[in-house]
Amino acid sequence: MNIDLSRRGFLKLAGAGVAATSLGAMGFGEAEAAEQAHVRAFKLASTTEVRNTCTYCSVACGILIYSKGDVAAGEKAEVVHIEGDADHPTNRGTLCPKGAALKDTVLSETRLTVPRIRRPGSDRFEETSWEEALDKIARALKDDRDANMVQTNDAGVPVNRWTSTGFLAASATTNETAWLTYKVVRSMGIVGFDNQARV
Amino acid sequence: MTMDPNLDSPRTAVSNPPIQPMKANLGAGDVVRASAMPNLPKPERELTKVAKLIDVSKCIGCKACQSACAEWNDTVPEVEHNVGLYENPHDLTPDMFTLMRFSEYENPETGDFEWLIRKDGCMHCEDPGCLKACPAPGAIVQYSNGIVDFIHENCIGCGYCVTGCPFDIPRVSKTDHKSYKCTLCSDRVAVGQGPACAKACPTQAIVFGAKEDMIEHANMRVADLKSRGYENAGIYDPEGVGGTHVFYVLHHADKPQLYSDLPEDPRISPVVRGWKGMTKTIGLAAIGAAAVGSILHGLFARANRVSAEEEREAEHLVESSVPVRSEEA
Amino acid sequence: MTKPLYSEKGDHLESTAPVRVSRYRGFTRANHWVTALSLIVLLLSGLALFHPSLYFLTGLFGGGQITRWLHPFVGILLFFSFFVLFAQLWKLNLPRPEDRTWVSQIGDVVKGNEERLPELGKYNAGQKGVFWAMSILILVLIGSGVMIWEQYFPDLVTIPTRRWAVLVHSLAAVAIILVFIVHVYAAIWTRGTISAMTRGSVTGGWAFRHHRKWLREVAGRGGQGPAE
Amino acid sequence: MTNSWTDIKNTDLVVVMGGNAAEAHPCGFKWVTEAKAQRGAKLIVVDPRFTRTASVSDYYAPIRPGSDIVFLMALINWMIQNDKVQWEYVKNFTNAAFIVKDEFGWSDGLFSGYDPEKRDYDKSSWDYVIGDDGFAQVDMTLQNPRCVWNLLKEHVSRYTPELVAEVCGTPQDRFLKIAEMIGECSAVDKNMTSMYALGWTQHSKGAQNIRGMAMLQLILGNIGVRGGGMNALRGHSNIQGLTDIGLMSNLIPGYLNIPTEKEKDWTTYMSSRSFKPLRPGQTSYWQNYPKFMVSFMKAMWGDAARADNDWAFEYLPKLDVPTYDILRMFDLMNEGKITNYFCQGFNPLLSFPNRAKLTAALSKLKLLVVMDPLATETAHFWENHGEYNDVDTASIQTEVIELPTTSFAEDDGSLVNSGRWIQWHWAAATPPGQAQRDTWIMSQIFLRVKKLYQDEGGVFPDPILNLTWDYEDENEPSAEELAKELNGKALGDVYDPKDATKLLAAQGKQLLNFSQLRDDGSTMSACWIYGGCWNEDGNNMARRDNADPDDTGAFLNWSFAWPLNRRILYNRASADMQGKPWDPSRKLIEWNGEKWTGYDVPDIAPTAKPDEVGPFIMNPEGASRLFTRGMMRDGPFPTHMEPFESPIANVFNPEMRGNPVARVFAKDADQFATSDEFPFVATSYRLTEHFHYWTKHNRINAALQPEFFVEISEELAAEKGITRGSTVRVWSKRGSVTAKALVSKRLRPLQCGDKLVHVIGIPLHWGFMGAARKGFGPNSLTPFVGDANVETPEFKAFLVNIEPATGEAVS
C-alpha cells in the first residue's frame, strides 16, 4: 500500500473527523493550498539591448548592455544588466569575473557625479560648478605655460617645450577621446605626456 | 546561435537573451514532484532532461560563474575578510548560490603538485533529498526537465532541506527566513537560455544542454584527459541520488573527495528516509490507533465510577482515624 | 512527626462530611494547565510540519512561517513549565513495592475492579509511568529540538547529527502524544479525577477507591492544614 | 600581439611565461583551452608561482623572478645544440647571415662600448658591415664567424641547463623537458605561441626578456604563422590604442617620433628617417615616413602647416632627454619642478613605484586635476585614511579638482584590442549626475585656454590658435568626426602616382587607407596606421560579420584591424621562398604566380615576388633581427642582468647591479636594498577576481576577493612562525604594508646554486577607496627604476622582509 496517506485517508483512520471538519469550517484548510510553482519573471523583457566592449582588459570582449530606456532614441537610460555577446568572435558570449560584474562598476556607489574641489590644506572636497572648475584649470594652464615654456635651448635652437605641466592619459578611453586629448596636449607643447602603457 | 525559446531542449548557454516579452516555458504544469504534495497530477508533457556539465579539468577557478550568478540573481554577497584562502565568500550563502572551492594536492603517483578547483553548488538531483525532507507543500519542486527549484512563497524556513541535502547546499536566509540555492537559472531556461554561469564561463568548463548531449560531451573530455595521462579521469553523476542534472568531469574520478570533499557515494541519508518514511506513517497510525482505542474503550467499557458505598467508607475512615497532635510527636 | 510517605504536606481534608480531600493547590494546577496548553500547541504545530496531510494545521497559527517560528519557543515554555511541575511532584512519583502488584494486575485496572488491587498512595503506577515518560521525552525533545532550530542554531551540530536529531525528535513526539492520549483518557475514564485539576480536590470516595493510603495519611493529619 | 586571440586555437604548443593568461585574460585564454581540446595542444607554464594558468597546464616549471633571460637564452642554446632550427626560415627571413663589425663583442656581462660614467653604451660597433654597394654584407652559408648566426651561437653557448638551475632555480630536468617540447616546434608543421604580459615587461630589462622569446620564435620559424607569434597580452581595454595614437612623451600617432632638440629643422629630422633598404630590392616601408608625418601635421594644424614653413615643424616640442615619462615627471614633481598635473582615468598613486615618493611629489604640486568615473586614491591622496594613507592633510597645499567623467557604458567610440582589432561601441546609458565625456572636458579646457591667448596674448600662442578645430559642435566634437580624422581625408584631389589621370580620392573624401597618403600636403591623417578604419565605405570598425571561412580564426569582416585590416603580422613569413605555405593545413596566404592570395591581408606588396622581397617590410633588411644593431640601449642580444634588488650577484659580473644602462635617479639609488637586510624576493601580480584598482569599487568583485593579502610558501611561513590567515608585516627599504597571510604549496623556495630563495607574492588590487576592505598595493614597496628602453617600472622582482604583525590591521 502507499505509505504516504492522503489527508482524507488519515482523517478516516484517525477518526478525528470532527476536529478536522470544524477546522476546515473555520477556514484553516486554506493554509494547505500552496502558491503555484513558477519561475522568476525574466528580467530582460522590454529592455533595450546595446552592443559595447568590456572596459577592462584588451581581450575586448563583446558585451550586451541591457537598459531601461533607449539612449539612441534620446531617452534617459539606466543599465539593468550586462552580459557577454554570443556573436562576438573572441569571447563568444563568455565573460570573466570582472566583465560579468560590469554593471556594478557603472552603478558603483563611488561613481563621481559632480565636479569637486579640494582647496589647499582643506580636509574635504567641496562641490563646485563645471564653469568654476574649467576656468580655474584654463587659467592655471596659461599662467604656467607663459611662465615656464622653454622656447629655445642654450644653443638657441627653438624647442618650444613645456615641461612644468604634465598630462597622464587614460587606458580605457576611446581612440577618439585619445586623439582629441593628443591634439590639446601637444598643441600646448606639453612633453610630460604619458599613459598607462608603461605599466 | 540563439535557439528558439519554444524548443524545450536542448538549450545552449551560448546565445543572447531575448528582450521581447515572452511566456515562461516552465511552470506549474511541468512539475513532476513537489515537496509535501504526495498526490500530484502527472504533467501533460515531458520536457527533455537538461544538465549542466562542469569540467574541472578546464576550470581556471576565475569565479566568473560566481560573479555572473550574483549579477543575474541580484544577490549581493557580503564583503568578508581574507582568511588565508582563495574561497570568497568562504562558503555558500543565501546570497552566493555557487562557489569555487580550491584544494592543493600533491599527487603521490606522479609527484606533481595539482591545484584542484571545483565549482560547488546545487547538483539538481534526480532524487532530491531537500524535496523529500521539506514539510511545506510546494516549497520545493522538480520540473520534468530535471531542475529542482525553490518556490520561496511556500518556504517556511525550517531548514529541513539542509538536513535532507546530501551535498550541503541550501542556505536559509537570516533576513527573510527562506531557503536559497542555485535555481539552474530556471528563469533563463524558461525562455531558452542557459544558466548565467554557463554562459559566462570563459573556458566553457561549464556547459549546458540536454543531459544526453552533455554525457556525450563529457565522454569526449574524459578521452582527452586519458590521452594526457589521467587514467582515472571520469564522470561524476552519482547513482545514489538517481543521477544529477549538474555533473562533473574529474581527472581523478576515482577520488572525488580530493575535490574539496565531493562525496564519494552521495545518497539521501537512510536516517532522513526513515524519518520521512516509516516514522511519519507508523507514527500517525499509532497516534490514530491510540485515539480510536481510547474512544472505543470509552464507549464500550464501563467507566470507572466511585460508588456511594465508597463515599461512606471514606467518611468512616476519616472519623476513625486518630488525629496526631504535633506536640505529642 | 513521621515524614509523609504517600502525600504532600499540603494535602488535607477540606471537609469531613461529605469528605473532600484537597489534592493540588492553585499554583500547581495553574502550572499543570500551562504545561498542558503548551503541549497541545506543540502537538498541533508539530504535527503540521510532521505530515503533509496535517500541514493545514499551520492555519491555526497563521501560516507555515509563523508555525515554524512559534513551535520552538512554545517548546522552551513547556520545558520550563514542566520543570517546575516536576520539582513539585517527583518525590511521590518514586516507585513503591505496591506498584509492582498494581502493574501485575493491570487487567483488573482496565476492568475497574479496584477492590482487587492493593491500597495506593497519591499516585498509581500508571500515573507514575506517565509522569516519568513525560519527563524523559520532554528532555529528549528539547535536546533534539535545539539541534534542529535553524533560526538560531544552524551550525550547532553537524548535518549528520542533525539528521538523527530530527528523527529522534519526531519519534519522541509520537511517543509523547501517545502518553498524552493515555493521560487524558485515563483522567476522563476514571470519573471524579478531573476535579483534582479544576477545583483542586477530590471526593473522599474517589480517594478511598483509588488512593487509600494517601487518604489514610491525609486523614491521619486530621483537620490540620490550611482549611483550619 | 602579432596574431589575434582567436588565432591561438591554431597552435600546437602554448608557452605562458612572463604572464598569467588564465587569470588576467580569462576569455582570451579560452582559445588556449580550445587548442587543447580541439588540436590536442599542450600548455607550458613557467612562473615563480603555481598560478591558475598552471593549474590547467600540461607542464609547469618554477623560475626565480628576474632570471628569464637565462632561461630563454638557454632554450636558444639547446635548440642550436640539438639542431631544432627551422633553417630555411632562419637563413632567409632573419638577419642570421648578416656580417657584423669586428669591433662588436661581449665580456663580463657587458657588450662593447660601455661607459660606466654615462651608464650608457657607444653603440657604433653594434652594426653590420656595409659594402661598397651601400648594402649590408651577408654570408648565406652562415660560415663567416662574424655573421649574426655564429655570434649568436657563441653568445648563447654560456647558457647551459646547469646555469639555468643555478640562476633561475629551475630544476634541470624540468628545463630539459620544456626544451624538448619546444624543440618539436621547429618542424614546419608544428607551431608554438608565446603569451606574455607584465611578468616580462615590468623589469629593468623587460624589453630584452621579450626579445629573447622573439628570437626563439624566429629560430623555430613561428613568427607570421597561424598559431604562432609573439603575443603580448595588453592590460587595458585601449592601451593599444593609446599607444598607437602616441599619447606618450616622445611619440606621434602611428609610431612616429617627436623630434629631439638635435633635429633643429624638418630636413635634419627627416634625414635620419630615410630608411634606405639594407639589402637589394627590399621594401623598407618606413621610406614613406614623410607622407605619414606631413599628413599628421596637416591633421594638427591644417593650413598653418605648409611646405614653406616646414609643415609647422616649429609647433612641435623638441625633447632634450629621450622621454619625459611618468617616472621622470614624478621625480621632477618631487623636486618641486612641476606646477600642474592631469590624471585622465589614471590612478598613479597606486600604479607607480615607491608610493611614499609619489605622495611627496603630489604634495608639491600647485594643481592636480583628476578626470575619472570613479573616486581614485590619487584624487584623495591628501585625505588621511589611518595606516592606509597616513598623510598630514593640513600641510598639503595642492589644490585638487576632481571631474566626473562618463564610463564605457555612456559613450560611443572605438577601442583597440590586443590583436589590433579596432572595435566600435555604442552608448547604452545616460551619464550619472553631472558626469561629462572626456571629449567635452578636453574641448572646454582647450577652448578656454585658446580664448585666454586670444584675449591676453602670451608665449608662443601659434600652435594653440592654429590647431584645427572644425567640428560641428566645437564644444563637443563627435566620436564620428574624430574617427574620420584618424582615418584621414583628401585635402586636395589625390591621383595615382603611376597614372596621373587616375583620381584616387577627390578633395574632401575619406581616404581608402594609408597607401593614398601624400607628403605634398594634399592629404591629412591623424594616425596613418588606422588608415581604412573609416573610409568612404563607412565605419569599418563597426562591422559585425563574424563569418570565418575555413575556421582560420581571421574574422576579416569583424571590425577593422590595423594595418589594412591585417590579422596576422608578417604573414608573408607563413610561406616558403616559393610562396607555398610551410604548413598547408594552416595556410594563411599563398603566391599564385602573380600575386598573394589567401585568408589574410598579405603583409607585403600583393605582387612582391616571394624569392625577391623579404617578409619583414618594416625593416630595411627585409628580414627580422636576431641581432638588433643599435636599436636597443642595453644590447643587440639579450644578456643576463639581475634585478636592481636581487639576492644573487650577476654570475657574469658580480660588480654589475641591475641593468647597467637603466636610468636611475640619484636619490632613488640610495633606496635600493641588498639581501642581507631584505632577504626575500617579492613579485607583484594581478588576481583574476579584480581589475587593477577599479573593481574594488564594485560590490561583487569586492566580495570575490575582499582583502589585501600576500602569498608565501609553507616553508617560509614555518621559518617565520606565520599562520594561514594571520596578519603579517611586509616591508622594503621604501615602505611597509600589513596584509593577511595566504600560506600555500603553490609557492616553493627555489634552490639557486647554494642559495635558497624564498618568493613572496603581492597582489595589487587594494587601496583606501571603494567597496573592498582597505589595504595596500605593492607599490608601497617597489623600487623607483624602470626598463632601460621603455621605462616600465621594475615591479616583478624586488627585495622585502616579512614578519608576523603585532596589531591586527583595521579594515
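The letters A, B, C and D name the chains in turn, as written, and every chain counts its residues from 1.
Definition applied: a residue touches a chain if its C-beta (ideal position, glycine included) is under 8 Å from a C-beta of that chain, and two chains touch if they have at least 3 such contacts.
Everything numeric in this text was worked out from a predicted model, so none of it was measured.
Q: Counting only C-beta pairs in contact, which chains form the busiest pair?
A: Chains joined by the most C-beta contact pairs: A-D.
Q: Whose C-alpha centre lies nearest the centre of all protein C-alpha atoms?
A: Closest chain centre to the overall C-alpha centroid: A.
Q: From the mean C-alpha coordinate of chain B to that of chain D, what's the distance rounded to whole Å?
A: Inter-chain centre distance comes to 50 Å.
Q: Please compute the C-alpha centroid of chain A, do the same for chain C, then give the distance between them in whole Å.
A: Chain A and chain C have C-alpha centres separated by 66 Å.
Q: Hey, how far is the Cα centre of chain A from the one of chain D, in Å?
A: 27
Q: Can you check how far apart chain C and chain D are, centre to centre, with Cα atoms defining each centre and the answer in Å?
A: The answer is 84 Å.
Q: Please output the residue numbers of chain D that touch at least 2 other chains, ranges allowed.
A: Within chain D, residues 26-27, 30, 688-689, 699-701, 704, 771 contact more than one other chain.
Q: Could you list the positions in chain C whose residues touch two or more of the other chains?
A: As it turns out, chain C has residues touching two or more other chains at 51-53, 55, 58, 63-64.
Q: Quick check: what residues of chain B touch more than one other chain, meaning two or more?
A: Expected reply: 37-38, 62-64, 66-67, 70-71, 136-137, 154, 202-204, 280, 284, 287, 291.
Q: Tell me, which parts of chain B touch chain C in their complex?
A: Going through chain B, the ones touching chain C are 36-38, 135-137, 154, 156-160, 162-163, 168, 172, 177, 269, 271-272, 274-275, 279-280, 283-284, 286-287, 290-291, 294, 297-298, 301-315, 317-319, 321-324, 326, 329.
Q: Would you mind writing out the residues of chain A in touch with chain B in their complex?
A: Chain A residues touching chain B: 2-6, 10, 13-16, 32, 34-49, 64, 66, 81-87, 91-101, 103-104.
Q: Once bound in the complex, which stretches of chain B touch chain A?
A: Going through chain B, the ones touching chain A are 1-2, 13-22, 24, 26-28, 30-31, 34, 37-39, 62-64, 66-68, 70-72, 74, 136-139, 141, 143, 149, 151, 153-154, 183, 186-191, 196, 199-204, 277-278, 280-281, 284-285, 287-288, 291-292, 295.
Q: Mind listing the chain A positions that touch chain D in their complex?
A: 48, 50-62, 65, 67, 69, 71-72, 76-79, 82, 84, 87-92, 94-99, 101-102, 104-106, 108-123, 125, 128, 130, 133-142, 144-146, 148-149, 151, 153, 155, 157-199
Q: Show which residues of chain B lie in contact with chain D when the two form their complex.
A: Interface residues on chain B, with respect to chain D: 57-64, 66-67, 70-71, 76-86, 88-89, 96, 104, 106, 112-117, 202-205, 221, 224, 227-228.
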